[in-house]
Structures are given as structure tokens and as C-alpha cells.
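These are the structures in question, set out in turn.
Each of the two complexes below includes chain A, the first together with chain B, the second together with chain C.
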Partner chain A sequence: MKRTVDVSIPIGPIHPCFKEPARVKCETKGEFVLSAEVELGYMKKGIERIMRGRPWQEVMFLAERVCGICSVIHNMVFIEALEQMSAIFVPDRAALLRVIVNELDRMQSHILANFSYCYTIEHETLAMYLLDVREQVMDELERITGARVTCAYIVPGGVRFDLRHEDALHLKANLAAIEGEVVRYMHMFESGPLIALRSRGIGVLTREAALEAYAVGPTARASGMPEVDRRLRHPTYKTLGFSPVSRTEGDNYARIMVRFQEVLESIGIIRRCLDMLPEGPIRGGGIPGAGEISYSGEAPRGELSYFVKTDAAGRVLDISIQTPSIMNIEACCHYMLKGVTSLADVPSTFVSADPCIACTER
Partner chain B sequence: MSLLQSVKNLVRSHSIHVAYVDVGSCNGCDIEVLACLSPRYDIEQYGIYVHNNPREADILLVIGAYTPGWEEKLHTLWEKIPDPKAAIAIGNCPISGCLFNRPHSLVDPPVSKHIPIAAEVPGCPPRPTEILSAVLSLAPLVFKDYEVAKR
Partner chain C sequence: MTGYLYEKDLSAMKYAILTSTRHDRVVRSIAEELNIPQIKLRKWMIDHFDMMLLENLPARYDQGRMARETNPPLEKKIGAALYTRAVPLISDGEMERIKKEVYALVKEGRPENDAVLAGREMIRDVILQ
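Moving on to the complex of A and B:
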């Protein structure tokens, strides 16, 4: 049969719903989307080119600025890669503090992603509620690390600041408040009839398609693949005994619900860390030396891999970063957007995969 | 001052539409601009509305260190904004390039080479309150008696 395309509609790069510039080109017939294509290249800064030949002390701060939303995990994966390479010892207290900060970062990133989705489907009330909860999480992050976004908290062999006793008490009290509010908003999202109309059965990514597209993170977990969670292979997370969230629907609704459930999961992990937190030093010893390693961790959006090669003085000779968003963008434009019945659902489907363009292009 | 001008001053002081454009940042400043929307900072109590539509905007927040992808596009965007207008550079990137301004990088800071910048908010990233106070302190300087000053 001959395929008729009515019109090719570009969405972006400046669009009220997109946080960052990206262009989605949709070939449509009426309102039905036949195929979609994502055009990138508005944010390419060449961070890896700057990193090569610099000492690790500088690359650490550059790694953090690959992405401003999930800056903690970029810092953590780079530093842990160096530690694995040079066999640097990390005290137990520092390892648990890293997990606490990483989970707080995951919480704020997931809440922000859900805010963007609610804002895109024009449920502004829920969006503003979520943004208000996020500020409380950012307060906790700032109290522990000293900065809201780029905190450089994790250093080789430990962390920068200790968690004081009163801060731990404050964190516990605030977590209870955050949990109550997140549960309330999750029920609002679950039971909203108009939200269900805009979300259920739209942008479906089946398990087979997710496997084909190598989807990662919450996008894959919403399609019934809990095993993609890299935290299951992390030594500290293994001792915390958590089980990854997964759903089987694979639509926009499932992706947002997975993020809500992961926020609650993260609150549980932080509580367990606070209970287990031993007294002791927060810095071990050791200087990064020569070596070559490939190391991955679980970013809020999925699997993040670093390949690092250094010389004896700790200078980074070669580095390459693979961020999760590029996989999810591919899954989004080749599987989710195809067959979306209304053009109004294109931005919301794109946003539900939580693409981070700054990470993707670096 | 004419009556018309005083009406214009009154209206403009309570209605500032903002668009933001990310020309190659790490996303951190982007998120801090979004955080201004939250009920804690409540940007709309001052009559500031974040639209992200250049054709309706009064103030353009420029974030990022100017990547090659924005050549020609940023200037076109600036020309689409109706007068009176002003651009504010948010964060270190549009001012100096921050740590992206190194040999072998692709960025071309500062942004003031490409479009006129009226105010700068340094920080990596600046706090939402700083962004808010920059917009609020710049707006009367640009919009009050705009027609009189133009003549």
C-alpha cells in the first residue's frame, strides 16, 4: 500500500514543554503519527575533548557538569572508576553517605521528570505540588553537601563532608514529610480520570521493543525489565537489600508511576542507610594512578558508563562517556512515538521518557 | 508624561513575560530557572510569567556557553521578540564560558558577542532567588518610560 504523508511537523527546539532544545520531526497523516525523528546537536560542547590530557582533579569537576540534573551520579561513577582502577579503600561510613546523597539526587531528578510530564499534559496543579516537594529534597541535598546542584561531594577515598547528628535527625524528619506528600500526589496521579485519558495506553513500548531498542532505566523498567537496574551490581547497594520497581504496561502512565514508586524506594534506601550508618572516618587514603577501566552505575535515567584511561600521574589520557538518554531517545522516536494517535501526545510521550539533552550531547 | 505612558508603565510593571533559551549549558541553570516556578519562590506573584514563547516575551533568559548549533538561530530568536526587550545571561557559561571555555572545546562565549545582554547573573548555577531578583531589578530600568527614552 502506498504510504501517504500529509505533513512533516517539526516540534522544537524552543518549545514551551521542553526544558532543553531538541527537535522532534513527525510525519503525520491527519493527527496520526506515522514516524518520528529526533534531531540533536544544539548542546554539543565537546566535554570529552576538554577532559583529555587533564589531571583527574580537573576532570572530576568537568564530569559533574556533563549533566546538571544528575550531577551526583556522574561524579560518583567517575570517582568509583578511579578507585577500582587504583584499589583505593573507601570507609563504610563514606560508602553509605555516597548512597544517601545519590538517592536524594535520584529523588529530585524523578520528581522533576514527573513535574515536566504533568506540566506537559497541562495538569499544572499537580506539577506545582511536585515542584514544591522537589524544593524540600533540594534543601536536604544542600544541607548535606553544601550546594544545590553541582556539589562535588564525592572524592577518591571518601566524601567531602561528614553527616552531623542533627542533620541526620533533620533528614529523617523531612523524609517522613516528603514521603507523605509523594504518596498523596501518587494517588492523585493514579486516580485522576483526565490524567488517565492522556496517559494510559499512549506511547506504548512493549518488552520486545524495549529489548530491541536497548532501553534503560525507568523507561525499561516500565516495560517489565527490572533486571536493567545497575544498582543490583553495586557493592554498597547489595548490602541494603532493595528490589527494583517494575511495571508491565509500558505506556506513559507506567513510566511516571515507576518514577513515583522509585522515589518511595529511594526514601526506604536512605532510611536503611541512616540506620546502618557506623561511626568512623569518612576518608580513606590513596592517589589515583595509571590504569584503564570501564565502569557503570545507575543514573536516574538508566545505565551510565565511563571508560577511563589514566597515566601514572593521574592524568586522563582517554575518556568516553555513555549516557542513558541516548538509548531512551532512540526507543522513544522509533517505538513510542510511532502510532501515537494525536499530535498533542507527541511532546508528552517524548517528555515521559525523560530525555536529558545536555547529557546526550555533552 | 502623558496619561498613555503612565498606563503603559503601570501595566508593564505587573506583567513580565519570560522566555528562556539554552544555548549549551549543563542543564543546572535550566533547572534553577524552572525552580523559580515552584510555590516556594512563586515567580507569578510578581507578575512574571514563564512562557517560553519568544513572540510574546519581554525578557529572554540566556543559559549556556553558545554552541555552534545556535549560530544564526539565536539572533533570529532575538529578533522575533517584540520591543521593548532585554536579555539576561544566567550563570557563568554565557558570561565567560565557565569551565567549558578551554582549548579544544566547541563553545564560543561570551553570548554578548552575539546578542546584546542587559544583565548578568554569575554563579554555577545561581540560586533561584538571584535569578528572580535580577529579573525584578532589570524590568523597571528597561520598561519604565520606554517610549520617552526612545525619543
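Moving on to the complex of A and C:
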């Protein structure tokens, strides 16, 4: 990987625009980026090793601590993997409540990612507006689950708390307000001439490159790959008439716009869930037993896979987690950053892929 | 502390990545197909791949194997795209040379399986040289 170049520029590990430490090493010719590498190892948790040998009751809490931004989906995928393995039934009401909480989590994650991008391209006004609207989503998440992050809402066979009628009404009313604001901010982003200068045609990831690096989530969908959305294969989502968002430009602009559009899509999904929510129990019971499974779900950043092996007592013998950021950061450093014509675009392109170092360094 | 954390040798971190369950499966599978000792393949990968490529190795490998199904039969068996694009063990130029030699062997009348084995041997020689 080492070559003789004009300048080798390290960006990070500590950078004001990065949420977490990572070092991007760029080999440049003038301002033109010839190649880039991302170095990790500043916050390795070794969580897979910590999980091994522990009962599932402990691992379900550890799973959502892999990532503080998308903790709900880690909880959901791990629990659904156990349910699939042990044929545990989930009541319809609980399945829809899971989707509601998961979509709220996706909304706050996407809005945070877009905040980071706007902050990186120095559009602080829009960035702060987005943080404000994210707080409203976080409030809804807290109202339903009792916590802003690491909610531990999903348990085998159901969910921890029911949705009260007044909370459902509050959620509906708040979704209307959030939708109005997100549409307004999306138009600000779409029509901002300076935003376009910093975003359009920059950090392009072609469909072929996305396929090669196995890019997932909004990063892949911005390069014309709607089929990567794992929600299309989820039994509850299938009943919701959901269709994934996709664009074809593959640049920074497309990735941010896909996230804006997905926030609106999530609002639609939550509304449909609230309309379809049947009366009934929220826990079907069931205890995970022995088995081995590889199970995937759609996290805010893309496909999240858990390989789990348990014994008869439900103790986790082996576990392996493939988080979406692994694929997306790799696609970013080896394809998007290559050919960037200004070093100022390196942090923004990196942030546009919504890299989660906590997930990557699980 | 005598040096900065970000200047230290990353071999230990890379080795930790490669020995996780999914990565180990990939390394074993490639080592078996190309008949390379696992330890040598791991060392080669640590020396030549950056951390993100190593982290993404299982996903790239699985994707490469799926894409391999659409390749022409002989290239599919050699793993032409798999070992150049998905898991870049050798360069495109080297693979072109190997493909030409394998096609030449088949033209000379060598059974296809023997030619494929010879091709894999050539890939191994390039990696281990």
C-alpha cells in the first residue's frame, strides 16, 4: 500500500468534524487525493469476546452497547436471531411496536448523520436546525421506551412496554410537526447553492464500486441499489407496503438526500403501524435454547448481521457481528475518497458515508 | 510513552482482526483453495492490506464468490475476479497473464481441471514470491 507521493496527509484521529476517533491517511498530489487509508484501533471494545460464554440475558444488553447511535437495531437483530433459532412467537402488536421504535431510531440516526455533514461543510445553521428536530425524535423514543439510548425495549417474544393511547396520539401529532420541519430542511439542502458546490459530484461511489465493496444502507442506495434494503425481507415490514428510497448520483449530495427521504419514509411507516396496531398482548413468552444462526436486519447505516451460536441453557458460545459501517467505511476510503480534488472535501466525503467507528471497532 | 499512538505498528491490531470467527473462515477458505499455509497468507494480508480492507474481508469475499458465478467457467474456477477485485491478492496484470497461460494450456489439450490447478499454482507463486 505504501507509495512515493507528493504529500501524505493525516486527518485525525482527533478532528473537530468526526464524532469518533479515526485516522484518515491521504496520499496526495497537490490537493488531488491519489489514495486513502483509514486506521482504526483508538476505541476497540472487543465486545464479541466479552459476549462469549455469557447467557443471552446479559448479551442482549451488551449487543445494544455496540453502538450508542443505533442501539435499537442491535437489540432487535440479536433478539430476532434468538427467536428465529428457538421458534419463539411474537404477537402482532409487539411486532409493530418494534417497527415503530426501530424507525424512530433510524430517524434520529439519519438526522444526526445529516447534522454532521452540514456541520462539516460549515452550514452550521442547518446543522443546528437538524439537531433540534432530532431532539424531538429522541423525546418520542424516550416516551415509548423510557430511555434515549440503550433502551433494551425488545425482549424475546415481544417488547418491554406497551404503547399507551395518549402516547400514540402524542406521537402522531409530533410526527406531523417533525415531517413539516424535515421537509423544510430538505428543501434548504436541495436548493442551497453553496451546499451544491460542496456536495454535488464529490465523493462519487459508482454502482460497480458499491457492489465490489459490498456497500450497504443509504450509501449503496444513493448509488442506485434499492435492493440492498434488508427491510424488504422482514416479515413485519412486508405487511407495511414499504418501498426503499434510491438515487443514482452516488455523490455526497445523493447520500444526504437519501437520508432525508428515508426520514420521511420512516414517518410514513410509523403512521401505517399506528393505524394497523391491533389490541392484544405485547409478550408471547418463550425462552431461547440451543442453536446456531446467521441473521440480518436493516440498521440505519445498512445491513447488520449477527452470527450467534448458543447452548441449551441459552449461553452464547460464539458470536460474530458484521456492522454496516465496516463495508461503508471501506467503500469510502478506497473508492469515494480516491480522486477527490480538494483536501477540504475529504472530511465531508468521509462524514457523508455516516461512518460509525463504535460499530466498526465493536 | 516514547511515541505517538498513531505511529505504532498496526500488525497486532491487524492480526486481531484476522483471527475473528468470520475472518478466520475466509482465510482458511482462501488458503485451502490456493494451497497456501494459513500463517503465510495471514502474514501476507497483514503486510499488504490496510485495516479497513481487512475488516471488510468477509463481506468482500462473500460478494466476490457470488459475483464469481457469473464469470466465464474457466475464470470462475481460477477465481480471476475474486482474487483481483474482491480480495486483491494479485494485480489485474498478473491475473491477465495467468489467464492467458491457463487458456493456452487448455488449447494445448490439457484437461480443464489440471489447467485450473496450474493457474492456482501460478497465483500462489505470485503471492509467495
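Note that in this section the second predicted complex is superposed on the first by the 358 of 362 C-alpha atoms of A that agree within 3 Å, B and C clash if a C-alpha of one lies under 4 Å from a C-alpha of the other, contacts with A are read in each partner's own complex, and residues count from 1 in each chain.
Definition applied: contacts are C-beta pairs under 8 Å (C-beta built on N, C-alpha and C of every residue); 3 or more make two chains touch, one makes a residue touch a chain.
All values reported here derive from a predicted model rather than from experimental measurement.
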After the chain A overlay, clash or fit between chain B and chain C?
fit
By the touch definition at the top of the document, which applies to A:42: first (chain B), second (chain C), both, or neither?
both
Using the touch criterion from the header, give the chain among chain B and chain C with more contacted residues in chain A.
B
Counting only touches as set out at the top, which of chain B and chain C does A:227 meet: first, second, both, neither?
neither
Now for A:333: first (chain B), second (chain C), both, or neither, which partner does it touch?
second
Counting only touches as set out at the top, which of chain B and chain C does A:122 meet: first, second, both, neither?
neither
Partner chain in contact with A:31 - chain B first, chain C second, else both or neither
neither
Which partner does A:62 reach: the first (chain B), the second (chain C), both, or neither?
first
Which value in Å is the smallest Cα separation between chain B and chain C when the structures are fitted on chain A?
5
Shared contact residues on chain A - chain B and chain C:
13, 41-42, 44
What residues on chain A touch chain B, complex-wise?
13-16, 19-21, 41-47, 49-50, 52, 58, 61-62, 65-69, 71, 112, 115, 128, 131-132, 134-135, 138, 148-150, 356-359
State the interface residues of chain B toward chain A in the complex, per the touch definition above.
19, 21-32, 34-35, 37-40, 51-54, 64-65, 67-70, 73, 77, 98-100, 102-107, 124-125, 127
Of all residues in chain C, those that touch chain A in their complex
5-6, 10, 13, 16, 20-22, 48-53, 55-56, 58-60, 62-63, 67, 85-86
Chain A to chain C touching residues, read off their complex
1, 10, 13, 23, 37-42, 44, 48, 211-214, 307, 318-320, 322, 326-327, 329-330, 333-334, 360
